[in-house]
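Shared between the two complexes below is chain A, which has chain B as its partner in the first and chain C in the second.
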Partner chain A sequence: MRNHTSNDNGILNITLSDRLTFEDHEAFRRLLTLIEQRSSLRCVIDLKNVTAIDSAGLGLLMIAFETAEKAGVEFCLKSPEGQVARLLEISEFDKVMTILN
Partner chain B sequence: MTVVLTDRPTDQYQSQSQHHSAATSGESDPAEQEALEFLSKWKSLSSTQRKALHVVMDEIGLVSDLVESNITDISVTFRELAVHAQSQSDNVKDIVETSTHVEFDGKIVNLSEIIGMIDKHLSEVIGKLVDTSKKGLEVVFSLDDVVRDIGEIDKLITEIEGINKQTNLLALNARIEAARAGSAGKGFAVVAYEVQDLAKAVNQLATRMRGEISTISSGVKNGHNQIRKIADTDLSSNILAKDVIRGLMDCILDQNSHFTSALKASEQASKDISRDIAAVITRLQFQDRAKQRMENLTNTLTVMEQSLENFETETADTFSSALSWQETDEAWFRALVDRLTLGEMRDRFLSAVFPHEAAAGTEADAASDADKTGKADPNAGTDPDDDCDIELF
Partner chain C sequence: MRFPDPRPSPTLLSSRTGMDISHARILIVDDSPLIRELIGACLQTEGYRNIGYAENGQDALDVIEETEPDLIILDLEMPVMDGFTLCQKLRSKDATRDIPILVESGLDSATDITRAFEYGASDMIAKPIKKYEITARTRVHLEHHFFVRALTDYHNRVASELEQARHLQFDLCPSDDDLALLEHRYGVRIRSRYEPSSELGGDIWGVLPVSDSQLAFYIADFSGHGVAAALNTFRLQTCLATLSGHYDRPAVLLNRLNTFLYRILKSGSYATMLFACLDLEAGLIRFAGAGSQPPLHMGNQPPASLQFCNSHGMPLGLRPDWEYQEYTVPFDPDMQFMLYSDALIEVEDSTGAHLGESGLCLDMQDILAGPERADPVKALAGRFASRLGSQAPDDLTIFLIARTGRDA
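Up next is the complex of A and B:
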């Protein structure tokens, strides 16, 4: 997983790319710290360039959502595609969090 | 061969012939003779036609019986067929009614409901899989922290050991200084010893702590590795299996729907068959009308036969034995028999008119001079043209 973060107008934009798997948990944790810091009122994780995700990746996204919720930060996922979109749909993430297309 | 009528006494013939026939008077009129011969031919023709009519009536009776017995059999078979068709229709209807649901746990469950149930269970399982992944990662995060904290504790122990070394050194210096001070430094030397002992004890404690921490650390690292392995197990294919199961269930539903339509069509076809059979049975009642017509034909033929017989009797009464017939006059009848296509029918016609030739075969008849002995043709029964044994079904 590669990531790029930016903070624009109170929105923490996190753009992920490549695969999101268990191997990325340490790097992902640093992103969680950014959310916990409440430097932004809103956090958007852009999944457009994520080509594949495993069950640990789904767990990481769920942890990110719960972390944001705990910190009072509005959270949403954006533009999932292919296998990522299918897994999010089957796992009914849309019933828990906002997913923007 | 000439056959003389013998059904009248000779004296009667003679007395009548005196009135009506010049043939025996010795003064025969050629015209009258010709008329008598002609009349003989008429009588001969009448006799043969009468026999032929009789056998035709018998044949009509046979046909009527044949039709009646077969139509009766056919009607019975069709009624059985109707019962079977109805039974088939009922069975298919049952299948159609049960094809869209199953009985599960004492309840009737619709197939689409089953798919909903499976979907719900799968969603729950998937939700738990994601939750398990999330919790595994949280444990990994916590253990990451613990491993880091243990490293920190190790550093702290190293710091304690450093401080302890300095304390020990200070105590040594204090003892040296106390020795220099002589008796005045004796009390200080005791304190210095105490401090040195204390430093030793702290050192032992730090060593024990390091040992304990090391044990904890290896335990935590082991747990950390295990939980990483668990969290690293990719369950996404299991999650995507829901798609496969859903696809399969949709296939089953489609197939079921296809079967149901086919069964409904089959049920309708069975109903159509029942209706058609009922119509056939009604149509088979033509046999009653056919039988009546054949009875009427037979009655008509009986009257015709009777009128011919009356004519013959009257002719015989009038002309007595002056009349004769010749077998060769019956060539028309043999030609008629030849045109019959059923061997057994030919036999019946022949034996009715020529009893002495019974069963002589028909193909041997018309012409074969060699067969005039009246013996039956040994090949008659196996004549390839004889189709009396043809089975239609």
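Up next is the complex of A and C:
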């Protein structure tokens, strides 16, 4: 996983790319501290360039949502494609969090 | 000569790793009594108290036969059997292959040194013997030897425990005998495949009789692999056993399992599951999914129509109090219904893309049209294995149930 973060007008934008897997656990945890700091009222995780996600990666997205929920930060996933979109769909993540196409 | 009984060490030998190496058995092999004594004295003053002696290669073999040393200090030029030959003999036997051999010799030409290492020497010291050198090298080789032995023992113990656990895990899933009885009782044919990616997997499947006309079955897959995921399959099995009253109501069952797993799993960990109940009288299968791959339904009119069933649902253990949706599909004679773990469609095809549901569908059409249709699960597993190649494996589970003819 590679990531790029920016803070624009109170929105924390996290752009992920490549694969989101178990190996990204530590790097992802560091991104969560940005959400916990509540420097932004809104967090958007852009998944457009994520090509694949494994079961641990899906778990990480749920942890990100819960972290935001606890910090009172509005949360959404953006532009999932292919296998990532399919996995989010069969797992009904859209019933818990906002997923923008 | 033999190893003497260990005596209390005159000085405390301190190993840098904190390992007690004063009890190490050291065999000194040299035809000169003076050199043997000199080396022995050097080691004794360091605290080694278990030193044996031999005066040539043959003598050394006799001693080693009786008690294996932890280190051999070896001269090269000796009568009867020289050091080169002894090295060669020790390295050719499993029992002595790994004993460190520290060669001390007056031979110090490049050819001799190369030859000694080729024959299996671990290290070399040139004569005349210097106390600091021989004691330092002795210590390094002993520490290394004991450390590797401890690691090997640990590795072997863990490997054997994992093997036992693997057997226990396979025992959780129905045996061929169990399945044969169920096939006869319900007029169905069941084919399955379960391949953990490592010693222990996070997948589990099962078949649960509900009544004379109802048979439940499921597959589940815990996130992650290895011991933790495997232990969770046991917990799931235990919880399932307490919910037998809900086997005919898959959505309710998943709701209860979700509540149980939400309580015990750590944040971000979960299980996907597909739970189904075949109702022979109604001629249908009721099922509910929790993030599991959509089941594949196969019709009974050739060419068989294939359809992936909707089975959306939150994976178990991620959110509290989740309501699951129940779906039904017809299940008349000669229809088939297949559950599978995500590994089956997430494997990469020859173009490097995920096989996906469309790829699985093409595979199945091909299989059902040819001689492999007698056991589609075996055929799918074969294709999976050939595609997997060097890709990192994931646990693979496939379960297929077919309703045999009315006369079955």
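Quick note on the criterion: the second predicted complex is superposed on the first by the 101 of 101 C-alpha atoms of A that agree within 3 Å, B and C clash if a C-alpha of one lies under 4 Å from a C-alpha of the other, contacts with A are read in each partner's own complex, and residues count from 1 in each chain.
Basically, a residue touches a chain if its C-beta (ideal position, glycine included) is under 8 Å from a C-beta of that chain, and two chains touch if they have at least 3 such contacts.
Just so it is clear, the structure is predicted and the values come from calculations on it, not from any experiment.
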Practice item. State whether chain B and chain C clash or fit side by side on chain A once the two structures are superposed. Key: clash
Practice item. Quick one: classify A:Glu92 as touching chain B (first), chain C (second), both or neither. Key: both
Check your understanding: Regarding the shared-chain residue A:Leu34, is it in contact with chain B (first), chain C (second), both, or neither?
Key -> neither
Review point. Which of the two partners, first being chain B and second being chain C, lies in contact with A:Glu26: first, second, both, or neither?
Key: first
Review point. Does the superposition put A:Ala56 against chain B (first), chain C (second), both, or neither?
Key: both
Practice item. Kindly point out the stretch of chain B, out of 43-51, 115-123, 169-177 or 187-195, that overlaps with chain C after superposition on chain A. Key: 115-123
**Study point:** Common ground on chain A, meaning residues reached by chain C in one complex and by chain B in the other
**Key:** 22, 54-56, 58-60, 62-63, 66, 83, 87, 90-92
**Study point:** Partner chain B, residues of chain A touching it in the complex
**Key:** 21-23, 25-26, 29, 53-56, 58-60, 62-63, 66, 83, 86-87, 90-92
Practice item. Enumerate the contact residues on chain C facing chain A in the complex. Key: 221, 223-224, 267-270, 272, 289, 291-294, 311-315, 318-319, 342, 346, 354, 356, 394
Study note, to complete from the structure: The residues of chain B that touch chain A in their complex are 123, 126-127, 129-138, 140-141, 144, 228, 231-236, 238-240, 242-243
**Study point:** chain A to chain C touching residues, read off their complex
**Key:** 22, 52, 54-56, 58-60, 62-63, 66, 82-83, 87, 89-93, 95-96
